[in-house]
Every structure is written in structure tokens, then in C-alpha cells.
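Everything on this sheet refers to the single structure shown next.
Chains: A, B, C and D, in written order; residue numbering restarts at 1 for each.
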């Protein structure tokens, strides 16, 4: 996979044409390569529309030249050529003059260019007249495919029009760029965008099955089916922690982390915040929620306000329970650290997405003598929370927490779906291992997500 | 380095020391640094978002280069939609119309939730499942070249079994008892070993961060006494010693206060 | 409160103070720590150490400034070792920001080479190394995979001239040097996927001895190549560089860095042990009292 | 109206984005990119709310004249100076306000505030980790039970991996450390990542289906 990037090497000028250009400047310098007999050309060249993409690309495949890695072993690279009508140069020059133009002239040129772009497919029908073969890319020897990837922006010089007849050819090139062998020409071939990405079928199936499972268990829970969930220490600690804060007359600090409202971990944290805020309101304890992201702040304000309303104490709510600090990681940490040492909260809760600051927060909180409950989906930060906090919700437990705290059967239903999905993963992994040991790769390939 | 730059560097060194002083306890210097960085960084993001996002993403698109004419005849008039949605966020300034801000929020949450479902399923579940399946166990070389060979068959069995047992641990609707509990217990053991190992591995990088800070302070000290600098003047060491003496004085005052408390 | 209880509940500021003092002292005071040498680094050193004068070592500087802390020490250690052994060195930089760092390394090392030094008990007289005679710096060319393949045919294909514009044929030490066949070994120092190209397109096709210098994070991913023999030696991270410095008896940046790291780690371990001793003793005391 | 329409928006756009992932066609891509811009633009508008909150909290503290009321003045000064510098800059040698072009980013005072205030404090905050990782290890690595002991031993082995004073044991420890990092650590990560993936998808599904709506407020 890592070598894949090497395949997309576009222009080969650097290594080989430079040597040619240099020969004029420095005649002393000669490449002492023994004269090479011409290599065998590539065979079986095919051109197809790029699969599972938005169009604007053509995939070429071929059988290696007989002299690549075998035979005379003289092939060093393959040059890929496409037939380009001279019309494209006209288009290019319109674009160039457009860059320099201003005002009404530019307006006119823009119109001209738009018309010209629309004529690209037509211009390619004149093949093989009024055009020439141009090198569009290179692959190193040993590679038997090339993807001609254009961009979709019509104004770009790399625009590759869909529904246009293209013609291709591949040259096998030796150390001496002049000694080469051309393949047969393929074409016409057209590119177009697909409506379904077949490489993502396993994901589609997984989402579908999991979605149906969730709906199934949620409906069953709604009908009143009893669902058992095992106790989670971190969750049970939440109630005690709020009680403790009330007894001590100290506030509770709730940190939503460095995530934005676009992180599902942060959204899960909103619902936990809602449950916590409701209890806090019932107990009439003080809550502090410093925020890193303005949208997170907005949503958290709504959440806390609703929780106070739910608890029947709307008058206790004020806007500055949830406030914004700054959008800079360590400046935010500096401020939250200060708050911890000055307000001395009884409990600190860290729920959501955290990065390197996790340990700074958790150690400062421990210094302030607070009980600390953490939960994050950032695998790299889990060790630090586990070491420095009293209770830690590990990964998936963060997502389960809102269901646990709410104890609503509907939410517990989705936990059941998660468990079934895990069971499916375990069984499939075991089957896959068996299949792999029996060399039954077809089974494993069913699960591979390409692109 | 001219005098102005040197003063700024000295200010930076002062802020560095002020931040480190937090390790001892909360104190006025830390409070200064903390409040300063909050304000400055918040202002910084306002400016960065304005120049790098709002202008190119919105103003330029709506005005096509000439921002004084924000007419609907711009080439991308549909960017008025997010503009209006963004403006709806501002209804939060009003008490009565704050609910309007839920529209853009609903849209926002809907988009990111929908985005996450297939993406996370693919990257975290499908791809990890495939990696677990395709990790063919090296039965031929089960015990490896030596006991701690990470490519040996038994190590691969542990990777496989550990991942499976870890998943057992995360089951919510089944009590951790009997055989199930045993497997789950093995799972949490593997998790703990993994956490311990990554904790230990991170120490080195964190120590380097501190070394970098010492080096920065060292550079500041060097700059103060660097006579080869063409702009060097007697002020440089004077500023250096002023800061050092200021810190020493503060420490002395603290010590006296501490001694009095004890007495 | 007895001493063991106290060991368990030390004020953390003692930990902070102790760690800071140890870091600062080990940073300022220049002393040597022993470095345990692993076999994968020893093979590189031995290979270069046993080469005869005038043999050619090819050092590929393929990293960017952000990996400088880990890879620059390796570059210095290996290059100085080569020059002290009177070997000739070909240097390329296949990452965009490589040439600047390569030049800096060459300048610093040629200064150091002017001094007489004793390494591993052998005295090496100081000498002036000359561009084109002792080393050739070929510079940067884009598309590293093609460059690596091109050199397999002839250095002159990707590099018609060296970094300073001199045609390769006019460089004394490049006379008769065509491709990898005239090079004793290649040492690739890289922080990214250029390493893969050296293994696949370089060693995999032209079968020269290849040694790798990598960042600490990458290290583990490349041990399989060591086992399969595609790579004859491997240095990973600051620790790998420190091992080479130890073998060459030429302490430098890496050993300095490791000195601080080793002692900082020891401080942390020391406090963990104190905490646990305190914990176990006081637990036993409590059990005894409870009985 | 106040709650139904937003929830309907969540559902409609959520479902659309799920299907969008499977459709590579250009039109689907265009909508996708456009919607991502929406998210971005809404975020920028929301920053005004954030800054307003910061100002209001600071002003409230100053007005109340509670302990430490002086410090928020520094915050406000930093904020306004930075914004002022960011909108002023030199063009053709003269200083002036520039809102639509980015001269402010190269204003020397803007750079100084960044280089000598933001950078030193932030990187020093980051460097505090060197100390906190030590104190956390001291405080928490006690062999209280089997789980804590496993955590402790694994961390110790990895921390000793390049210690030179262990003689022949050192090699074994180094090998064990690399085994721990590449075998159990990998297994642990894999289990956690799969779990997180399912948790994320379940949460996102609940949000789209309107089962989880705590974030939406009431009334």
C-alpha cells in the first residue's frame, strides 16, 4: 500500500529529461551506458473508466514488457501518452490571457472560455487529425497500471472532461530515453461518474444491519421488554459525586474537552451533561462548564437550560454557567487549571474528546483534591485518565454513559444492538482467521473496504 | 537582535517562568500569564478566522473580489444560505428569539452525525475487522526466533485473542460471570498492559518538551551576554539581571511569609 | 506519621523539584553514560569500520527539519566515522528541505575533522576534507523512486551535475563510479516513505547492502526487513543514534539527549519505587495492628 | 415548531449524509462540499457568541470587584489589542485599517504578541506535562491489585527500555518493551477502536432518529 503513492508520479522530466538538457551545457559529461537494444513493448493494454469515482479519470492496465525485470532487464520506466487535440492549447491560451485581463475584456474572455470548455468532447472527435500525442505521466518499471486522474474543476488545466473520447498509448523506456518501444493504441474510452461505490459495500451492509438492529431493539424496549445492563463503576460514581459536592457546598466542574460539535464524542458528552445538570439542579449545587468551542458552548447552554427546566428549577439557571474561554488548546488548559485551583470543585468531570492536555487537567484536579471522573474516545489519552482519575469510562463506555444515566429503556435498547454487533465482529473475526489459515482468501476479501 | 526584540524575548522568558511557577502553586504571575494568553489567543483566532475563513469562504464568494457590492448577482449566490444560517445563530443574543438558533444547530448536528455513521463504521469497525481477519497466524514459526519475537505465531495469537477478549469486556448487557467473566477479565488485563506500555512510551517525548523549554531559556541568557551581536549594548545584561533579581526578590518574600506562617 | 506513610504521600512538589533539578543538571553538566548497544546498530558500525580506505559509502539524507532532532545526530555520527576511516562519501538529499541540512552537516563535520581525535584508542590525525575528492554532494531531485531507480543505471542520469553545478565526470572521486555497484553500502536516513522506496526500488532491484536510520516511531515497522535480510542494520530514534555514537566512541547530540532522558526516567522510576515501598510496608503495619 | 423543525433538519440532513458517502458521483460531491462549508460558516458566526461570552464573564468579574477582579482586565486588553493589530497593517508604507485584505497578519505587533506571548505560555503549559507525567506515575502506580500491578509493570518495563545500567538484563527488558508495545498494546487498541466505532455509530443513529435529543433544549 505504501508504494501506491509512487505509482502516481506525474512527470518524469526531473530525472531523465534533465540529463538530456544538460548535455548541451556540459558536453564533458557523458552517460556511459552501453548501447541498448530496443526493448519489447508492453502488451494487452486496456483503458477503462476509473471505478467508484466521480468521473474524470481513466485507468490503464497492461502486461509488463518482456524486458522489464526479465529478458534484457533494460526497461526502467513506462511513459504514458494521451492524444491531445490542438484545441486544448487554444483553451489554455484563453485561460492565460484571462489571468492578465480585467473588466469587460475579462468578461468576454470568460464567456469564450466557457464556450470552449463545452466544446472539449467535440474537439476530441477529430482523432487522429488536428492533434498530437503528449506524455501525461510516468510509472516506474514493475508497475502494470496507471490512473490518469484529472480534476473536476472545469477551469483547471488538469481538467479531464467526462463523456469524451480519449486515446492512450504506453511506451517502455530504457536508460537512454531515446531507446523505447510504443504499445498499441487504445481508445476511444470515456470517463463518467458512478452512482454507487461498490468498494464500500461492506460498510453499506454494516450500517444497514446495525441500523436495523438498533431500531429493532429500541422498538422492543419501547414495548416494555426488560433489559439488563451490567453496572459501570464510573457511572455509579456520578451520583455520589454530585451528592458529595452538595454536602461540601462546592461546585462541580464539567469539561467538554477539545472536541467541536462535529465530534460524536462531544455530542455524547452533551447528553451526559444534560443528565448531570438535571441532578445538579435538583441538589442546587453550583455547576461550571468552561468551553473551548463556541458552538459547543451554545449547545451546552441549551442542554443545561433544558435540564434546569426539567428539574423544575428554571430560576436557578443563568447564562454564565456555561461560558467560552478560548479556542487555543493550552490557553484553554491554563484557564481551566486556574479555575480548578481557585474554585476547588468537589468533582471534576472530563467527558468528550481530549488530547495532550488530558493529564495536565487531571493532575491539577487531583492536586485540588477533587473526585475525578473521565471518559474519552481518544485512545492515546486513555492511559493518562486511567492513571490520574478516580473513574474512567473507556472508549465505548463514554457512549453508553448517557443511556446508563438516563435509565430510559429506549436508550438501553441501543446498547443491546451494540452488543450484538460486537458479537458479530467476534464471530466474523474468528471465521476470518479460520479462512485465512485455510487460504480461503475469497471469504476475507468480502470484508475488505477498497477506496 | 536589537533592543526591542531583546525586550520581547525577555518578556517571553518571564512568561515562561511565570507559567512554570504554577507547579509550585497558584500565584499572581501565573494569573497574569493565564489571563493574558486567554485574551490574546481568543483575539488571535478571531483574526485568523476572519482573514483565512470568513473573507475567502464568504465575502469573496459573495462579492467576487469587490466586496463593496454584496449583491445577489455574485457568481455563488447560494452562499447566502449558510450566511443566513450563521446569522440565525445570533438570535441567541435575544431572549425571545433564541430558539431560532436551533435551526442551524439542528442542521449542523444532522450533517455531522450523518457524516460520522458510514465514516466511523468504515474506519473503525470494517477496517479493524478486516485487519484482524487478514492477520494470518504464522503457524509455521509459532514460537518465533526467540521468545519475544513480535512476528512469531504465538504473538499473533495474543494479538487476536487480546482484541477479542477486549471486546468481551465491553459487553454491556451481560454480567461478567463464569466463562464470559473470565474472558472479559483477560480482556481488561490486556487493556491495562496496553495502557501501561503506552504511558511508559510517552514519557520520553514529554521530557523532551521540558528540555526544549530549558534550551529556549538558555538562548535568552546567551542573547543577553552575546557581545558578538552588533546591536549588543550594556542594557542587555541589565535587563537580564533585573528579571532574575525580580524573581529572586519574589522568592525571598514568599520564603519570609512561609517562615512567619510556620512560626 | 512514620517514614513509610510519608514515602507514600510525598508532596508532589518534591517530585517536580527533583525532576527539574536532575534535568537541568544533566543538561548542563557534560558527563558520559554507557549506552547498551543492540546488534542491529552494531552491524552498521562494523560494516563501515571494516571498509578499506577509498571505498565509497552512500549517505541519503531524506528527512525534513521536523525530524532533525532524531536523525541529524545519526547523520553526524555516520559521516564523521566514514571520513575518519578515510572513506569517500556520496551524499544525496531526496527530501525537499534536505540540501540545507546536508550542507550544514558537511560544514560542521569538516570543522571537526580538522582536529586530532582519538576514537576507541586509535589516534586519527586531523585533516582537511575536500569537496569532490573526499565527498560528493549531489543535492536534491524530486520523485525519489525514479531517482533511486535511475542511480541503479548511472548516477549521471538523475544527477548530471552535483549540487554546486559541477559535471559529475569532472569530479575526481566520481571517476569510474557508475552506479550502486561501485558503492560499498547505502545508509538511508529518513522519516517517511522514502525508506520504502529504498527497500523496494533500490535494494529490491539492485541488491546493495542497505542500512536504515529512522525516527523512533517508525522503528518498529521496519524490523521485519531486518529479519528478512533486506536491511543489514537499523538505527531508530535518538537511542539508535546514541548507540552509533557509543560504538564510534564519538559522543554527540544523541548521547547528550539520552543522558537527560535516562536520568529523568530514573527519577520517575525512583519515585514509583518509593511510593510502592511505602505502600507495602504501611499495609503490612496496618494488617499487624488490625490483628 | 421550535423543536420539530430542528429535529426534522437533523433527520433529513443526517440521512442524506449517510447516503452521500456511498455515491461518488460529482453532484453528490458538490452538495457534500457545499454542506461542509455551511458547517464551517456557521462555526465562524458562532465565534461571535463565544467572544461575547468571554467579554461578558470578564466584565461581570470586574464589576463585582470580587477577589482577583484585576486579572480579567488583562484578558480584555489582550483580546482587544490582538483584534486591533489584526485589522491594522502597513500598505505602501503607511499604517491603516484593512479588513478585507490580510495585512494585519504581518503587522509586527501582531507577530510579537504571537511569538512572545502565545508561543512561550502555550509551549510551557505543554511542557508542564513532563512534571505531571512524573507526579501521576508516583501517585497512581501502586501495586494495589492485579490491574494496577499490570499497569505499573508494563509502564516500568517500557520506561527502562534504554536504561544502560542494567547489564545483560537490559537487553531482555528492551525486547520485552518492544513486545509489549507491539503485541498487547496493539490488541488493546484494536478492541477499544472497534468498540468506539460501534458506540459512535449508535450515538449518531440515535441522534438522527431523534431518540437522543438532550442537546436540543426544551420549549
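Couple of notes before you dig in:
Please note the rule applied: contacts are C-beta pairs under 8 Å (C-beta built on N, C-alpha and C of every residue); 3 or more make two chains touch, one makes a residue touch a chain.
For clarity, every value in this text was computed on a predicted model and none was experimentally measured.
The interface with the largest number of contacting C-beta pairs joins chains B-D. Comparing the centres of all chains, each the average of its CA atoms, the largest separation from chain B belongs to C. Annotation: 5 Å between the Cα-based centres of chain B and chain D. Computed centre separation for the pair chain C/chain D is 34 angstrom, with centres defined by C-alpha atoms. Spacing of chain A relative to chain B, judged by their CA centroids, is 19 angstrom. Rounded to a whole number, the gap between the C-alpha centres of chain A and chain D is 17 angstrom. Looking at chain C, residues 12, 16, 20, 23, 220, 261, 264-265, 268 sit in touch with two or more other chains.
Chain D has residues 18, 21-22, 39, 42, 46-51, 54, 68, 118, 121-123, 125-126, 128-131, 133, 135, 137, 139, 141, 151-152, 156, 159, 178, 181-182, 189, 192-196, 198, 200-201, 204-205, 207, 215-217, 219 in contact with two or more other chains. Chain A has residues 200, 203-204, 207, 210, 262, 264, 267, 295, 298-299, 302, 325-328, 330-331, 334, 342, 382, 384, 386-387, 394-396, 400, 415, 418, 421-422, 425 in contact with two or more other chains. Shown here, the protein chains touch in all possible pairs.
On chain B, the positions that touch chain A within their shared complex are 19, 22, 25-26, 30-31, 33-34, 37-42, 44-45, 89, 92, 101-102, 105, 108-109, 112-113, 115-118, 120-122, 125-127, 129-130, 132-137, 139, 160, 163-164, 167-168, 170-176, 191-192, 195-196, 198-199, 202. Interface residues of chain D facing chain A in the complex, by the touch rule stated above, are 18, 21-27, 29, 39, 42-43, 46-51, 53-54, 56-57, 60, 68, 118, 121-123, 125-126, 128-129, 132-133, 135-137, 139-141, 151, 189, 192-196, 198-207, 209, 211-212, 214-219. Interface of chain B with chain C (complex): residues 23-24, 145, 150-151, 203-204, 207-208, 210-211, 214. Those residues of chain C lying in contact with chain B across their complex are 13, 16, 20, 23-24, 27, 69, 216, 220, 223-224, 227, 257, 260-261, 264-265, 268. Chain C meets chain A in the complex at residues 12, 141-143, 145-147, 149-150, 153-154, 156-158, 160-161, 167-170, 178, 193, 196-197, 200-201.
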